[in-house]
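So, here come the structures, one by one.
Shared between the two complexes below is chain A, which pairs with chain B and chain C, respectively.
This part shows the complex of A and B:
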């Protein structure tokens, strides 16, 4: 029966009542005036000690008896067709137990980029596997390649795709029928093109009527995910059943791919385990070819196979964030209101075109938007979702446009300008926090002849997710008082394990130490993939419900044995209490011991729908402070203030850790990370962790995380996503800070010493020439 | 990785005689060699470990100066008092190099003998002038970190941070080999590091069987006024993109000066023309300007590394300001 209740939603001192109709069996969210004992406390993650002492076993660490080693042979050519693969010599090598070819197994004989899988082999030792891999004979038909956006877009560039696929293809606005690589219906396509032309004209007119128009061309680079633990799995067949210890962000997704045909196994006969994961950042949602290969090699060999990628395979073939080329024009009036924005963007997600977009609308009111996005095919490893796919790219361009627009109307303060064009109530507060904590208004040495210049920059983010249905949790209270919460999804390092236990502990009125979490096992209840920042928002309402009903069952047992009224009983601080707060004399353990059965087990599904709540989006603001050495071009990010919100904060400590991670990866994107492709052979030249530079501890800025607790009311735990939002704004804030410091804009990330020096030099050159009227930065 | 044998000789003579050709490399800290073996850039049947050989692991004072045994780790060099007092630029440059972990493993001998980091050379399948083939992939390829001077044959940069500083101090490299009946040979640092024009396949003047046994720092060149400045994108786990070593009045008031550029050419680049500018006047703004004007002379930047010229200008200015006692920036 749907029950109607009134709850308080809001944050800080801004609350208002909201009436919601509870879905069947759901319980009301925690209220602002409700005392909580566990939720909202800073709790070190439950696996912290195991991780720092090395007792935590990742997939990479699994050593089932008889384990042998798999290797994948990859194409050394920028673009090739595989004519034939001969395994004969390789199979005859010492220690070899199984082998396969990609053309046979995946019915794919294209090797459209350097690093594409060609064949695989498993042997007793790593050295034997290496040697055998090198004995595989492949006949390639090598073709011309394009490995950069410019090469692919150039006049007369070799064709990357098949058939009629053009190198450059529009991905948005989309023409119906174009999905799945089919050719568009010419009529529908013509209509879309006509609409686009009309839109362009409309927005052109709006810009022409604006007081000021700024324009810029921005570029962002390809960023690989570079998780510490590479992709892959240890696969073992036992009596026709497959067990995979997988490094994955989606235990059920991994299983799904293996059981959908290629892995030759049924879902009920396949178990995926993933107790600890060494990072994924969006690249580990499926088993991938390596997962399927591992399963097949193990099947043929009859012994377990470890099929984890090496670093080069990881860098070239396990996904990336596409690069972008973005051209923008923004019209703004003197009153500070943005009138319209034109965007043309191109991105290279590999030989396909999916995921090429750069996202930038949704944060600010941008007036009328005319946006066209193109995918550009290159002979490079394919893109995969990368922490807030599309957003950091879009943010780098849009946020710099915001600063340029503010500057163009008599130098309006960039933060004030954003506030004029942003109606999010939470962000309004967050701007002020960021401004104060970064020292926005402090006097600084900027530009000119100083050798070290200092600057500040600001940028915003949003996110959308409060989780969704499709997950269940099981709470088990044993007669001896042991409490366990189970779900089959994974903890990719975000703190899911800890947060699940905290929610259960809160609901059961017991301390966190009394609860353990079992996760990362597809034999346990269904859980979500860790993507879209949905994991905790999806799992915790199920966890809370399961704990709630398990508590009810336990109290019913107590009531029956003692002859008390179950409605008058509750659990708090590991005691059985009455509604008036008085103690019954029974501890939680005493209560458990009254059970007849061995344990109470309650399985609950998460309610499918979310409630209207306070806001559909997270907010978030970041400010960066940089120092730039004008003589060497070296940029140091001194400090990042990250103001973040994620609905109700279950564990501020792990939440803060998420934000720090996002900022670190964002600064790394802003200054260092870049895939370097060799134009000659089409090979990635920095397919390692040496020349693929990643921000290290010495270079890490001070990160000042400020969390805003929001009673969002969207679910019974009111959790919003936090994995992705903290990376959205960082690079943009850094780019704005660099421009503030050196007095000239670097339109391309990463902002390397080379680019800074080039920008300073071009500025000096253009300062010597008369300025074009109306031209901005 | 291809399996290989490890020989553990106890003497220089044994070690030397085990290396008939460069296909049997010596190994010291292994931080460079093992990485190349793992990537199949070199696939030796055997490596000769030098660490059992006595007498190569100490820093000692001699009549002529300071002798650093080839197996002394980079961290031990950087923290050694004799080095810090008389040859502070050496301590400084080593302190900036690589990472603390690497500096704990890496030896000074290995550092000056390490192979170039050119990313073409370190990938299988690129045959070029350096590895016995012909031509250079970097010159019209990806060359952001490559050389801007002397880059016609091979555009590698000498990867050792230490190399330019050794050249500046007039250090010598002590070499022994069983072929030369264990006679010690001392090669001045500026002759030890080779240019591609001298030999594209070798970066240092070692013949098969020759072992670096020590680095010798001459007491007569102890310098009080010095500066070592460099730029690198990241402060740790990275490589310098350019460096400038300046020794002012080597050995005392009457002494000469040295200016040596690092990470911009295949071998450390001593610049007598810049030394003359320093000798000609005061260390003032005019001097800085004159040096900055001159420093790019002779450079032949490639498509992506032209920024190294302004970077050198900036480092040069910093170097002079530092000589003048201005405090460290940044």
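This part shows the complex of A and C:
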């Protein structure tokens, strides 16, 4: 019985009506003129007290009785075949309870990067496990390695992969029928190559016909996730059932890997618990080898095993954001309209091939695009999804191209230029906010002979995070008035738990303090993984529906007991009220006490599909202000204005924190972070937290967050996630600000003092010579 | 007279620590093991050779004398976490570069991962558990909650301890002083600005 309703969608002063056909028993979204008591309020997160007192128990903190410690032996070679692993001596060492080898367990005898798993030990103490690791005898056949994309792309480079696998492989456009480890069907591939050649010609012609063409080659570095809690789990077998306290951003996914018939563990039953997770940023979707190893070591030992990675293992083997090499040409006409864009890009996802793409052809109307993208195999730890995978690196290139193009047509203002090529209705407003708050038009000291120069830069976000099917929530209202909402998904620090409870509290007309939560337990209803910034958009409509129908049941009980019309009753401010707003004299608690049963429990799934709504995407604009010391090359980011939207804002406080966090990681990516590989030894040199530089408190800029509330009509909560969008633009805005300040562009991220000084020096050199025609910023 | 423990203000010199930590892999630990009376007074200061087996390690943690048998090579962090089940103090980098394991030693911050537990004998140790409880938060902890100065929460105990020490030493820090006060603590989620605001808020309220 689909009900058709008309709702208002839009933001600010731009609203219009939209007709929506409600599906699967859904309820209408909140309306702009509807008074809300909890949603939209700044609420401290519900687990904050546990976190500030150290009482929050993370996976690392679990200490079930009899706990022993697991350790993983890793390959010291850049590229090797494991001929044999002998555990005999190690097993005889004091305290050792169980051991396994990677070739036996995973049927994989390649160790294709330094840090690859080779064997594992569980012993009573960590020291005993460490000592036993030194007694493992491994026979390696050491091979040549390549640890940078340049080395791997070079003529005659040693082969990284196996069989016919080439070091450099085209990943887009894709040839259908390509199978893992094998090359594409030659006929299908030939067709794609022909199409690519035609496309290249077409776009070549478009660029040739443009008033101005700008080009640039950009590089970004490998960034590790470096969550403070490392990957892994505490694993325990109880009567044949596996329990894992896992540091994961996908409780149900983790369980699936350990129970799957194709996996190594094949547990008939597995419960995954993740009440607190010490960060993930995209790297903790999989149980990983460490999760499997933990479960197997615990099974053999017969006691619980803690198998959490050490920091080196985390840095080398638990994922990263791939690097990129992006070559671009953009054609633009004098009227400011972009005509076309040609892109060739490369990136390394480690010894595998997928996931190294750079999203450098989105956000704006870019005319005709000719893009070819390659993955480059290297003997390095594998990439994993990293907060907006592909976007920050793509943005660093595209946004600098935008500024260069604007500059090339009589120095059009970069913000105005973007507006001319951007049709996002929300972003149109956001540009103006960013412009004003960063002081875009203020006079600044730029380039020249000054020691400290100042500049501003702009860049945009785009994301798609309204969520979708795949979540249920359970709301329980007890006779004594206690309310609990349960969902088995995890909160990795984004505030999901709090937001879920706020939605339930709003629907039940009670203060947030009256709602308790249970999350991070696969025994509770199905929840999403924390990925794609879709958690909140997937979860909250289920939470609201479960609360709504629990409320209906409660009001039915009240109506029956009191002889009232249930359709005339509602809950607000912890009171039972009538539709005209008058009080019935009954409090929420009184109403609950009228139940015959101990509790009302309602489990509801979210509608599978979203409504057409107002906008499918989050927008967002960021502006950065930097100061550059022209003598030392040190860049200081003074301020970042981050204008962000995420559909309807449930908790502006945690939303703001998400944006600030994204900006900080973005600045860190722009200026500091990079994986450094020793090309001779093939190992990561900064597999720690002192040489792998992460932005600290002293260098943290002032971050001015402006949140735009959007009634997008996509779901009954209209929420979009905000984990990933705010990291997309930051590094690009910083790069543009640096170019604005010093009058020359730094094409490589991180923007280190050395690169800044080199850019300034090259600028001075070229200034001394007559300017080449077409040479542009 | 052994003066090693007094080489640095914290009573832990890097040289001394390395010597002790190296001993963990070898056999014995050379250390100054003071006997501690209930009043916390040292009565002996002679160096002794201990280990490799467990010895009795008696520490004053959050005002309470606690004694446990552990190898002398045990770090203060591991002793707190593994032997006393005080897991608020986190292990992150395990080499003194991130601040997640920060505790107070006689009121000053130290990285508990980078000091041996036996070197903390006779000293006042304060962990996050000794700063405030869920039922009785300090003003600083309340400010952390109100200003959302945490996300995943893994750096938070170390941050709370560092900021507590900062406010103890300087009840009215300016923004730069707060930044310096937490310069040794890494937050990966990016809560620095919220933490700075929380410390300012607590400072204005005159609390700690």
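Please note the rule applied: the second predicted complex is superposed on the first by the 766 of 777 C-alpha atoms of A that agree within 3 Å, B and C clash if a C-alpha of one lies under 4 Å from a C-alpha of the other, contacts with A are read in each partner's own complex, and residues count from 1 in each chain.
By our rule, a contact is a pair of C-beta atoms (placed from the backbone, for glycine too) under 8 Å apart; a residue touches a chain by one contact, two chains touch by 3 or more.
This structure is a prediction, so every number in the text was calculated from the model and none was measured.
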item	value
First, second, both or neither for A:697, with chain B first and chain C second	both
Touching partner for A:752 - first (chain B), second (chain C), both, neither	first
Which of chain B and chain C A:493 touches, first, second, both or neither	second
Contacts of A:154 with chain B and chain C, given as first, second, both or neither	neither
Which superposed partner A:767 touches (first chain B, second chain C, both, neither)	neither
Touched partner set for A:276, first chain B, second chain C, both or neither	second
First, second, both or neither for A:36, with chain B first and chain C second	neither
Partner chain(s) touched by A:55 [first = chain B, second = chain C, both, neither]	second
Which of chain B and chain C A:445 touches, first, second, both or neither	neither
Superposition-derived comparison: chain B or chain C, residues of chain A touched	C
Set of chain A residues, in rising order, touched by both chain B and chain C	126-127, 690, 696-698
Chain B - residues contacting chain A, complex	1-3, 117, 119-120, 123-126, 137, 141-142, 144, 231-238, 241-242, 304-305, 307, 310-311, 313-315, 317-318, 329-330
Chain C residues within the chain A interface of the complex	24, 71, 73, 78, 81-82, 85-95, 97-98, 100, 127-129, 131-134, 137, 141, 144-146, 148, 150-157, 160, 178-180, 182-183, 185-196
Of chain A, residues touching chain B in the complex	76, 126-127, 130-131, 451-452, 627, 629-634, 636, 671-672, 676-681, 683, 685-686, 690-691, 693, 695-699, 752-754, 757-758, 760-761
Chain C-touching residues of chain A, taken from the complex the two chains share	44-45, 47-58, 60-61, 63, 126-127, 226-229, 276-279, 281, 310-311, 492-495, 653-654, 656-658, 660-665, 688-690, 694, 696-698, 700, 702-703
